[in-house]
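After this come two complexes, each holding chain A, first together with chain B and then together with chain C.
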Partner chain A sequence: MATQTQSPRDTQLQPVPSAEDEAGQAYFDKIIAEDSRIEPADWMPAGYRKTLTRQISQHAHSEIIGMQPEANFITRAPSLKRKAILMAKVQDEAGHGLYLYSAAETLGTPRDELFDQLLSGKAKYSSIFNYPALTWADMGAIGWLVDGAAIVNQVPLCRASYGPYGRAMVRVCKEESFHQRQGFEILLELASGTPAQKQMAQDAVNRFYAPALMMFGPNDDESPNSQQSMRWNIKRFSNDELRQRFVGMIQEQVKVLGLTLPDDKIRFNEETGKWEYGELDWNEFYEVLKGRGPCNAQRMERRREAHENGAWVREAAAAYAAKKAQKAQVA
Partner chain B sequence: MATSDQTAMGTSDKTPATEIGHTPEKAPWPLWEVFVRSSRGLSHVHAGSLHAPDADMAVRNARDLYTRRNEGVSLWVVPASSIVASDPDAKGEFFESPKGKDYRHATYYKKSEGVKHL
Partner chain C sequence: MSGESATRITPGNALRPEDVAERVAGGVKVGEDVGEYALRLGDDALILAQRLGWWISRAPELEEDVALGNIALDLLGHARSFLTYAGSAWGKTEDDLAYWRGEPEFRSCFLVEQPNGDFGKTIARQLVFSIFQHELYSRLVDSADETIAAISAKALKEVDYHRDHAIQWTIRLGDGTEESKRRIQAGLDSVWPYVAELFQDDDLIERLGGVAARPSEMREPFDALMAQVLDEAGLELPDVQPAMTGGRGGKHSEHLGYILAEMQVIAREHPGATW
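After this line comes the complex of A and B, so read on.
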């Protein structure tokens, strides 16, 4: 009767989906087609869950590791006001990490496991945080360029198809604009100071420009996963689209600072309607991503140290909670 | 089945409510859902979640995490495992009954259109 020949290998590779999976997939496809939101209890394809778990947890790790370059400068802030601002910003980044870990956890991986992935070096985080912060002006360049690039990346993520991720990003984005403005203000103050201060600001911009542009990820033709993420409405714009948009913004803002960007290839292409910029050093990007950047080892060591040094606090809090609960039971 | 943001997947069975306060040192802290009242006269609204060893710490952590910019005048924390939700698999059916009952809405009544103060 059956005229179709199917090799046993084919059937192995494509197991017949259960009726439940088929209904789930159909419902999922409908939600995505309507540009509505997927919530934690919904059926979702294994690949969607995996992609999101990786993306959201990597984002969370980046916020946590990203506290380090700026935290290192809290004791060296030039005034009490700047110290308070920097502490507030670093605290915000911790908060961003926690919002995102919460969102990642809704996909089924417990937080401890996510922490382990970071501490064991199994998980990646944004390569930008493996560059050193050398001077106070770097606090300005980080706020303006690094948080600035993050904003351009994150605003479209507020509409990501996964509900908890989008909601976390809304919260994050509300807080990021203060980060960028305080950075811009640091640079503006230095740029209108002594020639040495202005030079310090220019030097910071020179060093952070290219790494900030690389935060958007590889060029589109080198980024095969982007296509799927866009079909799933996780990602709304391609890496290059976002990068071009960012270049257009900062080339205008840098004029207000009275500084320059270290790229003489920046120009607006009237034909394509897009901003163009010089070639980026992608070898460097992949080297840093593989752990061979200037600060990878230091950042990971500091993170592990902080985790271990905090162990007694976590244990004490748990012991205290247990003791109080016992007392309440007796009473 | 408990189904707020956090409890929908996996994590809830690891932290049943009965464990709160009895967390052994190595076990993960239970998960709490946080609700924030943004100003007097408004309801508490779900803001997110966090891990904490007990209710007191959950409230303190919630303050630091969800109200750093005057977002609230009051906080609730609820063990995530205590939340009871409608069956997520029921999808439409569970909420079907109001459908087809347009007469429950004022807009259903057209004849009175144009009549003042009605």
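After this line comes the complex of A and C, so read on.
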């Protein structure tokens, strides 16, 4: 399954640029200046390839780890309709993981290698999934806030300069938008239900609000890689711009739910034309990032366990495919 | 398998859960015998969907997270349709039946209640159940009850895919490595005591005549295809005694209590709530 292929990166780390590299760089710069698309076979700077491989694979890992908090509730969903919707949603996330690993593979790193980076802890995934899903209402809050933040982040990525990534994001965003609506609908149903259901919904929103805002990443002055990504037309808006846009969106939607956001500093600043919100606990963000969130160990253990328990199945599939290929060759 | 989508709905003769609910709301009401029969069909599908749902996020490959999730989702769809229809006999909804019945009121067979075990056991259970269910729905598309026939028409296309998935994996595991062969054989041996129950006739089947499919008539085609698959996979037909069972009469394995405890817990914490 895992084959050691020579990565195109290896050939590009030469100290003196060749004539080919110079021509490639000129073409790359032109494509970026025209806001057009780089495709897998095109020349690209080593840093561009590395940044994209990291970003796309992290996104893929986030989809895969992100299946866990919701999968927890598949067997307990309180109605059969909700069970069906949740199953379809978690299944979509596996599908997103698949597209994204494929997009990352076009940059030269095979899926197995990317997967190993996740399992060894070398690669990160979105910290939001290191928070626990405790009640049924969390299925609503995750859909509305977590998928909502993901959409705000990802819609501009549909225009990312790397073709396979941008195209994968178009499909991912369509499905995410459905996920967000179903999350909102779960909360709406709870908020207009019994007092216990409404309380469950408010509690879930309270717990997921700040972690969802932190999904956009550190404040702009703490995010050194963002500028380069923006110059390469991978990223289109800064972390803070996207976060402000998201706050504006949810503070309107929460009124429809009849719930509140746990932040009394939210206001629209007429002068700057931007949404403002209370200070976030970045200390907590970095703690979770370093592996000390409530569920970091649990999420990784479950992923490793699934991977290890499945090893004999993957080996069998590979052995069977090899036998088939051999028979076909003889015949 | 052709390249057509297994879940595409053919207009006219295939019913989704929502369509069945609409019919029931419009006054369609079944007699208790047909209701009881629909409960058997619905409960088998529901309990197996519940079991398979556990695999999502734990499968050996991402592709299998998707595949097992898809199969679980199809089965849940069948369950919703059959339970909605069954419920019309007693003025109950699909959720009343799924969440508020106790063990003795369920009509599922022992096979679907069996634990997932490893991937080999899950595939063995899938192989047995999907071949059985394919035979079943192939007959029910001609049921004298048009709602059962229509639900089965949609379900049959999906089960065709489930059966293909299980057969392909059985062959792959049987003819893969020593370990995979040992595991899939062990899986088959462990589910085999519960095969006989699937093919037992009883009074309800006698009373329902052309509405139900006669289980005993499906054993021969089941055995024939099973022998063919096991032969291709290099596996042995299990030499295991059938177990005493009684799922159709409400006598279940010990496993069902745990399955229901987990499935029903949130709904039961909030009586009267809607979701």
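A few points about this structure:
Keep in mind that, in the parts below, the second predicted complex is superposed on the first by the 305 of 331 C-alpha atoms of A that agree within 3 Å, B and C clash if a C-alpha of one lies under 4 Å from a C-alpha of the other, contacts with A are read in each partner's own complex, and residues count from 1 in each chain.
Basically, a residue touches a chain if its C-beta (ideal position, glycine included) is under 8 Å from a C-beta of that chain, and two chains touch if they have at least 3 such contacts.
Because the structure is a prediction, the values reported are computed rather than measured.
Once the two complexes are laid over each other on the shared chain, residue contacts for A:A319 go to chain B and to chain C alike.
When the shared chain is aligned, chain B comes close enough to touch A:P40, but chain C does not.
In the superposition on chain A, A:G95 makes contact with both chain B and chain C. Shared-chain residue A:K30: touches no atom of chain B or chain C. Judged by the touch definition given at the top, the superposed model places A:L80 against chain C, while chain B stays out of reach. Contacts of A:Q197 after superposition: chain C is touched, whereas chain B is not reached.
When the two complexes are laid over each other on chain A, chain A has residues 88, 91, 95, 98, 314-315, 317, 319-320 in contact with both chain B and chain C.
On the chain A side of its complex with chain C, the touching residues are 64, 67-68, 71, 74-84, 87-88, 90-91, 94-95, 97-98, 101, 136, 186, 189-190, 193-194, 196-197, 302, 305-306, 309-317, 319-320, 323.
By the touch criterion given at the top, residues 17, 46, 50, 53-54, 56-66, 69-70, 72-73, 76-77, 79-80, 83, 94-95, 98-99, 118-119, 171-173, 175-177, 179-180, 183, 262-263, 265-267, 270, 272-275 of chain C touch chain A in their complex.
Within the complex formed with chain B, the chain A residues making contact are 27, 39-42, 88, 91-92, 95, 98-99, 102-103, 105-112, 163-164, 167-168, 171, 175, 314-315, 317-322, 324-326, 328.
Looking at the complex, you find that chain B touches chain A at residues 1, 3, 5-6, 8-11, 14, 20-25, 27-29, 31, 48-51, 53-54, 57, 64-65, 68-69, 85, 88, 91.
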